[in-house]
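The following pair of complexes shares a single chain, chain A, combined with chain B in the former and chain C in the latter.
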Partner chain A sequence: MASLTLDKVRKAFGPVEVLKEINLSIDDGEFLVLVGPSGCGKSTLLNLIAGLETSTDGEIRIGDRVINDVHPKDRNIAMVFQSYALYPNMTVRKNITFGLEIRGVSNAERDKAVADVAKLLQIEPLLDRKPAQLSGGQRQRVAMGRALVRDPDIFLFDEPLSNLDAKLRVDMRTEIKKLHQRLGSTIVYVTHDQIEAMTLASRIAVMKGGILQQFDTPQNIYERPNNMFVAGFIGSPSMNFMDATLRDENGTLSVHIDREGSPISLPLFEAPESYRAYAGKKVVFGIRPEALTHKRSSSDSADSQYVNFDSKVEVIEPTGADTMTVIEIAGKEIVARVRPDRAPTPGESMTFSADMSQISLFDPDSELRI
Partner chain B sequence: MQPSLPGKAQATLREVLPRLVLSPSLFLILLFVYGFIIYTGYLSLTDSRMLPSYDLEGFGNYANLWGQRNWLVALQNLAIFGILYIAICSVLGLVLAILLDQKIRGEGILRPIYLYPMALSFIVTGTAWKWFLDPGLGLENTMHLWGWESFTFNWIKDRDMAIYTVVIAAVWQSSGFVMAMFLAGLRGIDSEIMKAAQMDGASRWSLYTRIVIPQLRPVFLSAFVVLAHLAIKAYDLVIALTNGGPGRATELPATFMYSYTFTRNQMGVGASSAVIMLAMIASIIVPYLYSELRERR
Partner chain C sequence: MARSTQPSFGTGKLMRAALYAVLILFAVYYLLPLFVMLVNSVKTLDEIRGGNMMSLPEVFTIEPWLNAWSRAQIGVEPTGLSPYFINSIMMVVPAVAISTALGAMNGYVLTKWRFPGDKIIFGLMLFACFIPFQIVLIPMARVLGMIGIAGTTSGLVLVHVVYGLGFTTLFFRNYYAAFPDELIKAAKMDGAGFWRTFTRILLPSSGPIIVVTVIWQFTNIWNDFLFGASFADFDSMPMTVALNNLVSSSTGVKEYNVHFAGAVLAALPTLIVYVVSGRYFVRGLMAGAVKG
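Presenting the complex of A and B:
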């Protein structure tokens, strides 16, 4: 177990730069999730940590040890692959102990290590089977067992759940989280699934185009996204964006959305100082579906500041717990999250409440958070 | 859509047409392959000499065959040739494939170079190697011209060594093809498995011996089947290279069959040797086909 530091790490394949100056640092026992759309460089970054590829520039440290030029096998890292990468010609037991055998661990110790890991992952009955005889979830467990048995400093997971069906994925997600809590190991986990990132991580690194967009705790990333990409990528359904103008009305800033017929004006009662500079300018108004609900009053929740407006309902999508209500504002489809018993019928007009304490404003040019 | 009468006729035609088109070739194969297999089997039980005769005489030809020293020599040669040919081709093909799989530059040029001998007929291979191995013309002569007077390489004229020259020529022809098979097998191995082994700390040697080569088992089987039936059928190579000689030193079952059937007026014995060869090949191919077809299901 150890901390991990990436210092100005760059990676280029010829003239193509796939990672641009990545700075990350996690403490011992943290669960770091690298998340981003495909091609964002997250797997490359993981391969750099694993030592399967070498960085063009920068420094990678485990604890205080610089590992840039250390062979993968000497980094004391274990990795779980997307395809599980089990050796098809060996039994589960052999798969798990192969790494130990190569390292010259004695027979007795190997047997004990396998027994411990098998018990932990509940794969004892599978030990003498071949990988081809296992289901996807079982292979996943064996792959994790192979990583666990070596007791490494850092575990790397490369999209380990993407080949499982939806139900099993949720189960295994919980299991990985439990395992992390029990073992307290340092984990770096790559995924393109933002829900996995939110549920598992102690810290998330959102990446796009080889650039680290934001590196923070899940809650901070959700509530205070650095830019429009992070805001749109994290959260499902994703954040609504509307073109708006910030107006100064007698000292109170308000978000003004130009809508045909009846413009919407949403006052900000506790606007941060940073908003001042944008008074009278165009901004992008971002609000998450759950902050946009059926009509409520501020007495419902002390911290919230509800502002009401009317809109026609286009489509409703019931999910059981909530009904996603699609409305159209200034040519954009906006999703609101409404309690099922308050759900409207499509075509009807309804009053919505926006919780102005949970909004984000972005600069329309730089797309950065204001 | 309502099936109209022309529509119905069309549907019937669509069903019948493929069978109609295939039927001539099916008929020809049934007659000239399977028909003549049965005919040969029948002849092996008759007293045919120079011309086919239809008087059955039971298994006398088979008893005669197994009493022939020439036949036993041919079988012994086949054993030497077959084992060495299959073993050397497999090992050489595997090594070449592994070397070629190291992401080397120019793979696109090297691969066809190794594969090219397979495009040649065995007759061409045999003739070329006959000249190359001939002490008066080829390697030995060249070495002498270059000044290495004591160099001798006259296996092709040596009764005990001639069979090995057949092995050399056949290996030269086929190992590139086996390499291509192994290369395809290597390319089929998940690259993440290689990475996992690397992280497990496997050396290059143990990576190949413990993880990669065991996964190539199906390729070994395919290569064995292809090479084994080529070995049993081997005829043209021997004819072109040594013509069964010196003496009868490189006689193989196929050349034995030909000479007994068509030049020594022992058609019954020749036919029975052909049946034995068929049985040998069938014992390799049939289980293979059976396992392949069962896997597909």
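Presenting the complex of A and C:
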């Protein structure tokens, strides 16, 4: 168990810079998820922590120990790979104890360690099988067993669930979370799946193009995304963006969306001071689908500030719990989340409510949060 | 089962009959030389001279085999082929073992411990597969002379190892290229070093490609004539050269039955290797092809 600090870490392959000054720090027992689209550098970052690649610049510390030049095997780190990477020629038992064997742990201790881990992961009946005789979920467990048995300071997971089918993925996700709660270990977890990131993490690092976009708790990232990329990447369906103008109407700021025929004006009752500077300027108005619903009034929920507008419904996509309703505003497709019993039929016009307490405004040029 | 897989119409049966006819024809075509050799190797010389090559022996004798093995005149000594058989074994076994081991290590390094210029090195090694034997004869003779192992079995081993390295490296490199890198990384995280990763992770999974390489190297080195004739002295001469000396000796009576027996003896080890591990050979080739 240990904390992990990345201090101005850079990585370049020749002239190509894949990681640009990454600063991250997590405490002992935290669950850090690195998330981003493919090629964002998240796996490279994990490999740097693991020691499978060396950083070009900067410092990586576990606890107070700088580990830049420490061999992977001496970092006291264990890793679960995307393909599980189980040694095909060894039984499950051998797979789990291989690392211990190399470290010269005695037979008796190894047997005990395997027994403990097998019990924890419920893989006792599989110990004498070969990896080829296991199902995907079982392989996943064995791979975790191999990491757990070493009792490392930090666990690294490299997209461990991406090879499982949807149902199993959800089950294993819960299991990993349970395991983390039980063991209280420090975990760094790489995924491109934002739902995995949200559900598992105690803190999320969103990356794109080798740059750390935002590093915060899941809820903060969801509610207060730093920029339009983070806003669009986290959350499903993703946040709606509309070009708008911020207007000052008798002291009250309002978001003005230029729509053919009937422009929409959405007043902001509790606008933060930072909005003032953008009065009269163009902004990007971002609102999540769940903040855009069928007609409601503020009395439905004390903290919310509902503003109503009308729009024609293009398409509806029922999901069971909610019906995603696609409307078109100023040439953009906008998704609203409507209760199934209030769902409209395509083609008809309906009144929607926007919860103005849950919106984000972005600078259209820098794409940063205002 | 059988019925369901066959078409129930007459044409299907006809096709099948035709297919078998063709297959049998080809089998006979390929087996005929072996038949002729075996049959004539157990006939007396008179019977061969007077009779039909294809007929079965009237008097069965193993005398030609014994002659070929231990009594026939090879060069000036009436030693039979046995000492040369031993020579060949002494040459083939270390040459196959060393070239396979080196090829495996080359494949391991070229795929899992990449270094700048590795592709060029591999390309150059591949080139070795295309160099005709004749071109290297004179330089090789110089080298063997310089390091003082000209005309010895060790010299032949060296020649065959050097020549085989291109092929064995190619085999292992392609096989290991399909071997997941994550396994190597996992071994690294587990604390296994260069050698331990090789011996504990890669080698145990290399069965099929080892069989392919061993068969390939064994048959090539065993059957080689040119290097044996060029670089061997009388006491290190391999089987193939001895067989040639036996068959093409221009003095005395041509003992065809002994020649046949000698030829079968010379072919026996490669035949055995194929029969024993032939199915692994095909499996290994397939595995490399599909997984690559």
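Here is the rule we use: the second predicted complex is superposed on the first by the 370 of 370 C-alpha atoms of A that agree within 3 Å, B and C clash if a C-alpha of one lies under 4 Å from a C-alpha of the other, contacts with A are read in each partner's own complex, and residues count from 1 in each chain.
Rule of thumb we're sticking to: a contact is a pair of C-beta atoms (placed from the backbone, for glycine too) under 8 Å apart; a residue touches a chain by one contact, two chains touch by 3 or more.
Quantities reported herein were computed from a predicted structural model and do not represent experimental measurements.
With chain A as the common reference, chain B cannot sit beside chain C without a clash. When the two structures are aligned on the shared chain, A:L52 is found in touch with chain B and with chain C. In the overlay built on the shared chain, the residue A:I102 is in contact with chain B and with chain C. Using the contact criterion defined above for the overlaid structures, shared-chain residue A:S83 touches chain B and also reaches chain C. Shared-chain residue A:A279: touches no atom of chain B or chain C. In the superposed pair of complexes, A:K73 makes contact with chain B and with chain C alike. Looking at chain A, you'll find residues 50, 52, 72-73, 77-79, 81-83, 85-90, 98-99, 102-103, 146 touch chain B in one structure and chain C in the other. Those residues of chain A that touch chain B in the complex are listed here as 50-52, 72-73, 77-79, 81-90, 98-99, 102-103, 146. If you check the complex, the residues on chain A that touch chain C are 50, 52, 72-73, 77-79, 81-83, 85-90, 98-99, 102-103, 146. Residues of chain C that touch chain A in their complex: 180, 182-183, 185-192, 196, 200-201, 204-205. For chain B in complex with chain A, the touching residues are 190, 192-193, 195-203, 206, 210-211, 214-215, 217.
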